[in-house]
Amino acid sequence: MREDTIHVAIAEDQTLFRECLVSLLNGFDRIKVNVEAANGKELLEKLYLIAPTPEVVLLDLTMPEMNGLDTTRQLKKLFPTMKIIILSVHSEERHIVHMVGEGVNGYLVKNSELTEVVHAVESVYEKGFYFNESMLRAIHSGMGHRYEKSYNPNSPITGREKEILELICQEHTTQEIAEKLFLSVRTVDGHRNNLLEKTGARNTAGLVIYALRHDLFKFNW
Amino acid sequence: MEGQVDVFLFLFVGMLTLALLAGAVVIFFFFYQKKMLGQELHVRELEIAHREELLHSNIEQIESERHRIATDLHDELGGIFSTLKLKVNQLDKGANLKQLVAESREIIDSGIDSVRRISHSMTPPGLEMFGLADALLSLCQKNSSPLLGIDFDFDATFPRLNGQAELGLYRIAQELLNNSMRHAGATRIRLHLSRLEGEIYFEYSDNGKGFDPAILQSLRGLGLKNIEARANYLNAIVEWHTQPGNGLKTIVKVPYLG
Amino acid sequence: MPWPRLIIAIASFFIAFPVVLALFRYRQLSIAMRAIAAYVFLSGFIQITSSYLNGQKQNNLWLLHLYTPLEFTCIVWFYSTVLQGFLKRAVFVWIGVGFALLSGLNSWFLQDPKTFNTYARSLEGILVILFCLVWCYKTLTEMKIKQLQKDPVFWVNTGFLLYFSGNVLLFAFSNYILGINRALNLYIWAFHAFFSILVYFFISIGLWKAR
């Protein structure tokens, strides 16, 4: 578990909620919120003018001027390595899967406990995804055909790749996976990229959803 | 050699001029930005101060209204129930049944009247059911007297508005009427209500003693603050036309998309 | 040493200040200011190479042909970040690529690399001045920035505006005056050197103030 500071950006139009969240998150040693915005447009402007560029962004779905969906698309284009966590009032399975399809890394409801938010930020920073248990359950049993379409029967997932996928879902970092399977980090990354291509997922979060959907991995409920 | 120097002179002067222009742009930009920011800040501060004043006057009004209701309830109803109780006690003792019952009936009727009056002063009767025009008509009729003539002209096709707008305008009319009767000593009052393009147009005029429009700046007293607050709440514009000795004309325009 | 040569010499060393600042503060620079760091490093490198070639008595003007599109690319990158949201990103990409292409074509077909690339440099000057004015306009109308003198972008923008405004005429006429009178030519280029010192100074302030 690394101990470097995680820089966070927050885009949320409810001022009071945002200001409270900022001050609460800054109370944790490891987290520093250095960008605050009331909509997507403001967020994008400020990201270029701050140093260091935040690694994680907490993004509201409903904002004026530029909502969470459009902002996510822009962020993927302009800041491809930035991890995105959606903050939403609802936690509908459809929305979650849709947003992960757009490339977000995690999903939180607005009435989450503060500890969960912190856990989500750290999780997304270190492992690339975060969903809480009820969301995982919902995804597992959910409908939706997005990933069905991207599954390419001509290049099924190999046994080795299945192993790695399972370890990813168990929230192991690339380093840990490499150690466990006696492979080099580069090899693990290579398999991971193959998985991304074969499943059509955009990031680790997408892989997790794919695994849940296709029963390639069973969580201990 | 002369011609050569000219070329260089031209170049030098040109460069210097452009640089100075650029410098002027930067300086202008810098100071203009500071000024604009300062102005914006100032305007915002004024707005906040004004809003606070309106809020305070609102609170004051609510408290004074509560006080009035409490007093009314205590004075009228309290007295009525006490007297009634006395009568009923006497009934028990058997003396003069018929007369006591008649008297009790009267007291009860008067109690019912008081309750009606107190509750109507809180909520204008019929406003919710029959609308603003009807309520204003009733208000004008109730307050007319041989000493005070009140005209209300409105179109029979005046539409129903949403609850807030109707109540707000009614209260404004009530306030204006109160002022005219109590402070301005008016003998003729005229109300006008109509619907124009995109707005509701309400006009109130009296022939009272008017006031100095300068006090509008401080909005002190005369319930003017309440009227402004209500108008604000409806996103309406209020226009005051008055001079000392020259009566008062107030125009309220409420945006209406209908 | 006659004073024009002195000023020109100082200008060529002055670039060291922003280079050193950019190096030491690189980690703490925002993305926008990293574009400026790139500009400064590029200029420093070209400056060294140019001085070396000069010492070898070789014509070094071809460096300018190379430098011009690279310099403009850095500047376009900078303005694409600070004008984010005001203009579409595609605009900057088109202008950057377009200019690089035009400059390349100019050096290949029109103006010999042994001479000044006056067309390219004049166009560059006008474009950068326009960018500077757009930023001024954006900042003025949005009125979000409270203390301008604390904003690094303000200093960089001012530097570019002054430098390119003062020099765009010179860029246009540099070939012409070279042929007229070498002595007077030197004085004019000393004036240019003054502007160089100015822009590097302002950029240094910007790098210093960068959070």
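Read from first to last, the chains carry the letters A, B and C; within each, the first residue is number 1.
Simple rule for what comes next: a residue touches a chain if its C-beta (ideal position, glycine included) is under 8 Å from a C-beta of that chain, and two chains touch if they have at least 3 such contacts.
Since the model is a prediction, treat every value here as computed from it, not as a measurement.
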Hopping only between chains that touch, the fewest steps from subunit A to subunit B number 2
Chain with Cα centroid nearest the overall Cα mean is chain A
Looking at Cα centroids only, farthest away from subunit B lies chain C
Note: subunit B sits from subunit A at a C-alpha centroid distance in Å of 53
Taking each chain's centre as the mean of its CA atoms, subunit B sits from subunit C at a distance in Å of 62
Note: subunit C sits from subunit A at a C-alpha centroid distance in Å of 41
Subunit A partner, complex, touching residues on subunit C are 27-33, 81-82, 84-85, 89, 153, 210-211
Seen from subunit C, its contact residues with subunit B in the complex are 129, 133, 136, 139-140, 143, 145-146, 148-149, 158, 161-162, 165-170, 173, 176-177, 180-181, 184-185, 187-188, 191, 195
Within their complex, subunit B touches subunit C through residues 4-5, 7-8, 11-12, 14-16, 18-19, 21-23, 25-26, 29-30, 32-34, 36-37, 40
Listed in rising order, subunit A residues that touch subunit C in their complex are 41, 44-45, 47-53, 78
